[in-house]
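The following blocks contain the structures, represented as structure tokens.
Consider the two complexes below, in which subunit A is the common component and subunit B and subunit C are the respective partners.
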Partner chain A sequence: MAAQIGQFALALAWVVTVYSVISSLLGIRLKNDKLIASGRNAALGTCASITTAIVCLGYLFAVSDFSIKYIAAHSNRDLPIYFKVSSIWGGQEGSLLFWGWLLTIYTALVTLQNWRKHSAMMPYVTAVLMTTSLFFTSMLLFGVNPFNQTVFLHAQSSPIPFVPRDGNGLNPLLQDPYMVIHPPMLYLGFVGFAVPFAFAIAAMVTKQLGDTWIRTTRRWTMVAWMFLSIGIMLGGKWAYHELGWGGFWGWDPVENASLMPWLIGTAFLHSVMVQEKKGMLKVWNMVLVIMAFIMSIFGTFLTRSGVVNSVHAFAQSPIGGYFAAFIVVALSASLYLLFDRLRYLKSETQMESVVSRESSFMFNNLILLAACFAVFWGTMFPVISEAVTGTKITVSAPFFNKVNVPIAIFLMFLTGVGPLLAWRKASTDSLKRNFMVPAILALASGIVLYFRGVHHFYAWLAFVMSIFVTITIFREFYKGAKARTIGTGERLIEAVVNLTFRNTRRYGGYIVHFGFVLLFIGWAGQAFTTDSQAELGVGDTMNIREYTLRMDKLGTADDPNYSAQTATISLFEWGTKVANLLPERRVYTAGPEPQPTSEVAIYDTARNLYKSDLYVVFAGSTPDNKKAIIQAFYNPLTAWVWIGGVVLVVGTLIALLPNKKTIVRRRVETEIKEEPKIVESKV
Partner chain B sequence: MKVRFSSLRLLPLGVLLLASLAFTADRNERVKDLTPKFMCICGGCNQVLMNCNHVGCPSREAMLKDLGHQVDAGMTDDGVVEYFTGKYGASVLSAPPASGFNLTAWLMPFVALGIGLAVAIAFVRRYKAQPANGPSTNVDLTAYQQKVEEELKKFTPED
Partner chain C sequence: MKRKQLKFVGGSVVIILTLAYLAYSGYQDSKSYFQTVPELYAMKDAAYGVRVQVSGDVVPGTKQRSQDGKAVEFVIGKESQTLKVRYVGKDPLPDTLIDRATAVASGSLGRDGVFTANQITAKCASKYEKEKAAGVSIAKE
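For the complex of A and B:
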């Protein structure tokens, strides 16, 4: 029954979406407010319908209804309930339903929040978002329907409906708590870029290209960017915990797919400031908004179509063609509109100096886009090369590291430099005043680092840049807070807090930069990873740096969902026992073939500044099963990556808050507005 | 005296042992340095050889052994790369070789950056070259402009 309701809800969503698009566009053309309002209500109706569909799919997973092909392929009876729910996005059909659902939620929120504020633009915004929604709903209904019923046994004459006793189970690699939360965050990021895109199109169509659309767009971009950042971080954390190779970023095409819109979104969040402050880079910002959306669709396409595995997979993939067509149509239409509206997008002011805040933002954009292009080029190069030369080649981590590391270091340099430059034109005096102290301190730290053994060039440069940027950030906070303490008599800490909440965007931005610095430090630490491998029987030991691992016990453990070989290892640091580590080698039994995975054990040395991890993998057993093959990695500074991620998100949240003075002003305005009414009632 | 003689007899053995340990360490370092150049061909991990350690990988150990044998046989780094490419095909390399069409993989990101840089500089120059829009006047505005500059220095927000 739930399957039928889900199927009906999906079909209804498609019909209502079509109606919403037509009604919105017709309403605009006929200047009929009722039709426009009806289009808006239909958009809300689509949200309700898709919500119903996704609830039905979740229910079908919860009750293990294996008459549905998608459920049978991605779940099994013994799967814990939270993994059953997360199985919704465990495969292609569910992922696309989830994408479509989030899009309708965004549409509903945007509609409800902005309908009165941007009345002229909103019908177009609704039409664009609903057209995107129509693409996903169509694909779900006609291409990859998650409610397609019944697994079929193919008999000679005709297929026989068949309900398997148990499902194939969720991919063991996805049976991880981070996988419950990582895809929703990532999708919230991807889908979120549809909102600024819709506003950009609406602004171009209505020719309302002033400040209004850009202000609304900036906030929504920030929301999407934040979710995408969280999604990427959680993906890295998942890879670190689950894949067992000791790292968190492998430049996999799917990882790259999430990085590209993130880089473009980052570029936009910087260049939009130039438009707001100086009325410049209007065309460029339009391009960035369009590209961020296109790349988020491209990312989903890359993830789902398998195009990067082979040049031929493109044609074979059932949804690859749909995505390619959508990307071509969306890109062509938006670029046509952009060219048509170029005359309305002229800059209001001129660039006065190359050494200015606005030009630093421009170079920052250039570097971010170069990084994005390098990622795109590297990801697509196997396809391009195969098409040109006929030989399949691989582009993996060594390529991306070599190309992107110098770009990233230069970007870090600009992160430090940008905020120190004045708008319009920075004088030589101000450059000296602002740069002298951070540059000298960073160089001095660099010398100390060199003599402390940091000889890896890029890692050294990354640390020096990180120190430089950190000093500039803290100096900005100190200067602002000091001025406040003089002016208001506040204590320094109080002044820092007030300063931050009175200009959330600026100081939230600095916090984001600091998060980025911490991430960078954690990433640079990868240059000093060491590893060791040994076959350990009970009582055997192995050493890695100051740590000794002693195998205490080898055993087995059974779970309804898997069976496991377990190892109990005592960890000694400089000869003193500090922890018991319990790595496992699991074999998941659901599905046609057993699927082995390893569960790593991580000893986090969080109490020291270096925050290094000792990362232990149960890689396998010797043929006689008497010894375990243990791999140990010493990963310096890794925890800073996660700490940096948290700081980055906190900074974004602060930047999203309205300024304190604005809230007070709004409150005062409200009180003033309400006052006459009170007087009238008294009279 | 007898003990000293025995020790002396053992000396070459010790030297040999130390040399062999140093040789093994060097050899292992070389194998380790070479592994990032190659992908594991298992097809399940999309990882470079050393990083592919997923349970049940059918290829990693055999490839590492093969790599070790080539190093032991005294093959140069380029020779090992050639041997692996010949045996497993070009897709075994973790990065495109910097020759022929594949050279574009390495060049294009920096070419794009260069073009972007040129466009950005041209953009700044164009804007700087354009005279500011405004009514033409013969009045000497220097004093006013100075005043405006001073005021702007005081009030231009930093963010």
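For the complex of A and C:
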């Protein structure tokens, strides 16, 4: 029953989506407000329909209705309920439905929030978002319907519906709490870029290319960017503790797919300030908004179609054609529109100096785009080389690192320098005033680091840059707060808080930068990882740096869902016992073949931040089954990656808050009156 | 004004050329031919001595420790087009390397016809086949 309801809701959503697009466009054409409003209401209706469909799918998972193919392929009876529900996005059909659902939710929010404010643009915004939605619902309805029945394929007769006794189970690698939350975050990010895109198109069509659309767009881009950041971080965290190779980022196509729109979104969030402040880069910003959206779609396509594994998989995949068609249409239509509107997007000013805020933004954009391009090229190289020469050539981590490590360090440099450069042209005096102290301190720390044994060039440079940027950021807070204490009599800490909430964009942005610094430190720490492997029987020990591992017990454990070999290992640090580590090797039993996975044990440094994660993998057993093969990774500073991620998100949230209005004494007001000008543009 | 823009363009060109050079050298360092077993054989002499990732399904029952005990050997491919892989890498073999799994071995082909790999990745037979094996076949799309 639920399947029929879901099926019907999906079909209804399709019809209503078509109606919404037509009604919005026709309403504009005929200047008929009723039609336009009807188009909007239809968009809300789509949201309700798809919500119904996804609730049905969730229900089918919850009750393990294996007569539905998608349920049978991605769940099993013994799966815990939270994994059953998160199996909704465990496979292709469900995750596309999930994408489509989030899109309609965003659409509903956007229309409700902006209908009055931007009345001229909104019908177009609705039409664009609903067209995107139409693409997803069409694909779901005609290509990869999650409500299809399980059937038994028979060579001689037509397929016979049948209900398997149990399902194939969710991929064990996805049976992880992070996988419950990671895909929704990532998709909220991907989908979020549809909103700025819709506004960009609406602004171009209506020729309302002033400040309003860019302001709305900037906020939505920040929201999308924040979710994408969270999604990427959670993905890294998941990879780190689930995949068992000791790292959190491996330049896998799926990871790259999420990084590309993130890089473009980051570029846009910076260059948009140049447009707001100086009226420059208007065309460029349009291109970025369009590209961020296309890259989100492309990223979904990359993760879902299997195009990277092989071109043939792409050709066989039922969704490849849909995606290719949509990307081509969306890209060419929006670029055509952009070309047609070029004369409305003329720059109001020109760049005056290479040492200026404008130029630092431009360099920032240049290298972010270069990074995106390199990632794109590296990810797609197997496909491109196969298409062109017939031989598939892959590139791996060394390629990505060689290009992106210097880019990241240069970005770090700009992070420190950019926000303190003056617009138009920075004077030599101001350069000295702003950078002399941080530069000297950073270099001095660099010398210390060198003699403490940091000889890896890039890592050293990364640490020095991190120190430099940290000092500039803290100085900004200190200077601002100090000025406030004089004006208001607040204590310094109080002044820092007030300062931040009265100018969220600027100081929130600094916090984001600081999060990036921390992430960067954790990432640079990876230059110093070491690993070691040993076969340990009970009582055997192995050493890695200051740690000693002693195998205390080898055993087994059973769960309805899997069976496991377990190890109990005592961890000693400089000879003192600090922890018991319990790595496991699990074999998941659902599905046709048992699927083994590793549950790693991590002694993390959250308590001891300057030290290292010790990451222990139960990699296998010796042939006689008497000893366990244990791999240990010594990962310095990894905890900072996660801390940096949290700080980055907190910063973005602060930047999203509206500025707190100032109700302070008169003396300060004069000061603050001028400030917003500087303020709006920084960050 | 013009000169300033020239400076900016100059800076950009320098950055782009540097990155292009890094990309090129990174490409040289890490490029690897990705071939299936028949494709590898079709390369003939060009197949020897270059870095290759070869993919194929593990032939059931062929996985075993080599006679000297130092390596693990298994056979990938189909029918007559099979390839013996000798794994000499440091990491333990992935859990997913089981009979019929699709293995990707990175290494090079020796003149003796044995492929020496220092890295193996494997993924379970694709979802499609898994579903078939379970009797959960595909509904008409």
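In this section, the second predicted complex is superposed on the first by the 655 of 683 C-alpha atoms of A that agree within 3 Å, B and C clash if a C-alpha of one lies under 4 Å from a C-alpha of the other, contacts with A are read in each partner's own complex, and residues count from 1 in each chain.
Throughout what follows, contacts are C-beta pairs under 8 Å (C-beta built on N, C-alpha and C of every residue); 3 or more make two chains touch, one makes a residue touch a chain.
Everything numeric here is computed off the predicted structure, so don't read it as measured data.
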Task: Return first, second, both or neither, reflecting whether A:250 touches subunit B, subunit C, both chains, or no partner chain.
output: first
Task: Could you tell me if A:143 is touching subunit B, subunit C, both of them or neither one (first, second, both, neither)?
output: second
- prompt: What is the contact status of A:576 with respect to subunit B (first) and subunit C (second): first, second, both, or neither?
  reply: neither
- prompt: When the two structures are overlaid on chain A, which partner does A:503 contact: first (subunit B), second (subunit C), both, or neither?
  reply: first
Message: With both complexes superposed on chain A, which partner does A:369 reach: first (subunit B), second (subunit C), both or neither?
response: first
Task: For A:423, select first, second, both or neither according to whether it touches subunit B, subunit C, the two together, or no partner.
output: first
Query: First (subunit B), second (subunit C), both or neither: which does A:347 touch?
result: first
- prompt: Now for A:389: first (subunit B), second (subunit C), both, or neither, which partner does it touch?
  reply: first
Message: Contact-wise, after the overlay, does A:402 reach subunit B, subunit C, both or neither (first, second, both, neither)?
response: both
Statement: Going through subunit A, the residues touched by subunit B and also by subunit C turn out to be 350-354, 359, 362-363, 366-367, 370, 374, 377, 391-399, 402-403, 407, 585, 596-598, 619-620, 631
Query: Which of the residues in subunit A come into contact with subunit B in the complex?
result: 243-247, 250, 252, 273, 277, 347, 350-354, 359, 362-363, 366-367, 369-370, 373-374, 377-378, 381, 385, 388-389, 391-399, 402-403, 407, 419, 422-424, 503, 505-506, 509, 585, 596-598, 617, 619-620, 631
- line: In their shared complex, subunit C is touched by residues of subunit A numbered 66, 69, 72-73, 91, 143-144, 148-153, 159, 162, 164, 167-168, 318, 350-354, 359, 362-363, 366-367, 370, 374, 377, 382, 391-403, 406-407, 410, 533, 585, 591-593, 595-598, 619-620, 623, 629, 631
Message: If we count contacts the way the header does, which residues on subunit C are in touch with subunit A in the complex?
response: 1, 4-5, 7-8, 11-12, 15-16, 18-19, 22-23, 25-27, 29-35, 39, 53, 65, 90-93, 95-96, 98, 100, 124-125, 127, 130-141
Query: Which of the residues in subunit B come into contact with subunit A in the complex?
result: 36-37, 39, 45-48, 51-56, 89-97, 100-102, 105-106, 108-110, 112-113, 116-117, 120-121, 123-124, 127-128, 130, 132, 152, 156-159
